[in-house]
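Quick one: structure below, then a few questions.
We just call them A, B and C in the order they show up, numbering each chain from 1.
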Amino acid sequence: MFHRGELSLHTKGRGTYDITRDVTAIVSASGARVGLATAFVHHTSASLIVCENADPDVRRDLDAFFARLVPDGDRIFSHDAEGPDDMPAHVRTVLTQTSIGIPIAGRRLDLGTWQGLYLWEHRHAGHARRVTVSIVGE
Amino acid sequence: MFHRGELSLHTKGRGTYDITRDVTAIVSASGARVGLATAFVHHTSASLIVCENADPDVRRDLDAFFARLVPDGDRIFSHDAEGPDDMPAHVRTVLTQTSIGIPIAGRRLDLGTWQGLYLWEHRHAGHARRVTVSIVGE
Amino acid sequence: MFHRGELSLHTKGRGTYDITRDVTAIVSASGARVGLATAFVHHTSASLIVCENADPDVRRDLDAFFARLVPDGDRIFSHDAEGPDDMPAHVRTVLTQTSIGIPIAGRRLDLGTWQGLYLWEHRHAGHARRVTVSIVGE
């Protein structure tokens, strides 16, 4: 079987947004008992990560690390049509993931105990973001 | 259904090469209406990214950023059998993607408006590169 | 067809562990002639990479580079519940891959000549790690 689901979210600016529950709902709707759910984000300034879901400090530290690694307004960048966070958002996206494939078992996402799936908004302004989940299985 | 296609390209050295059209042709040949196309690059010194496809400055800036982040000839590297860009090419590959899964809808790659799929050659010399596209769907 | 396999390994601390043979065994057990094998690691302080498999210096250099890029005990991190390598392990995971999709051809993993699939343990202490391989094909 193949099943396709979509989710949309409106971010409030740079940071991580937990989409585990939304993707889980798509997996349930698919009826798949076992399989693979591949999430894909339709943007180049937001990305996907699987990250520790217990301590919010982890995602704050992640963002602090990436803000230092890829500084807004870095003079190495010539592309700044949308501002100082434009090109850094593209770099941060390329350094993380545009798609992630997660196993399905027992009719649910088979994530590790401490794993959550997050959309990472890399722009400072809020944006409407779209994620497609492609499910294969039986 | 499962369908497999391959594409080969000869790069002219370090930089990004748009393979969106070639992958789209494989999707068309597969006959899939909806599904998932997973691209995989068979090398450890070239990688795949989904990136902004409008302003070529974006890919130039990306390359400038990565050249600073992972400098050619960095003395931290002992592996330099093929020259100063040998080990940086492996690091740049690991920092980006070896495989990316993209949804198929309406018999075509369901990329966002500004998304293109690129092979990123990390070596300064041109190389023959091979990408396999695995399609599941219906 | 859909097939699911799992592998477990006990790491001996930070470093790369070749899992190509274990994943190949799961592919064989699946009976798939052609298809796609998607490996997924169920942790947020260990990740997956496809890397050069000939010269062990490559993986040593990779680790040296990442140890410099994401220093243990970096004061930018507030999350250090499990020690100075706790948050760096999460960052290193996010900078690499949690899932990789590899084509199957001729009943085996269709990797390039120099490609191996590695689990990268990012913690200094040894850990029990779990990887699921999801196979679709025919």
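Just so it is clear, contacts are C-beta pairs under 8 Å (C-beta built on N, C-alpha and C of every residue); 3 or more make two chains touch, one makes a residue touch a chain.
In this text the structure is predicted, and so the values were computed from the model without any measurement.
The copies chain A and chain B differ by a rotation of 120 degrees on their C-alpha atoms, rounded to the nearest 5.
Interface of chain A with chain C: the two copies contact each other largely through different residue positions, with under half of all numbers used appearing on both sides.
For the pair chain A and chain C, the distance between mean C-alpha positions equals 20 Å. Contact of a single residue of chain B with at least two other chains is seen at positions 38, 69, 95, 97, 101, 136. Considering their complex, residues 2, 4, 38, 40, 42-45, 69-70, 74, 76-79, 81, 87, 90-91, 93-95, 97-99, 101, 130, 132, 134, 136 of chain B touch chain C.
Contacts from chain A toward chain C in the complex involve residues 34-36, 38, 49-52, 55, 57-58, 60-62, 64-65, 68-69, 95-97, 100-103, 105, 110-112, 114-115, 136-138.
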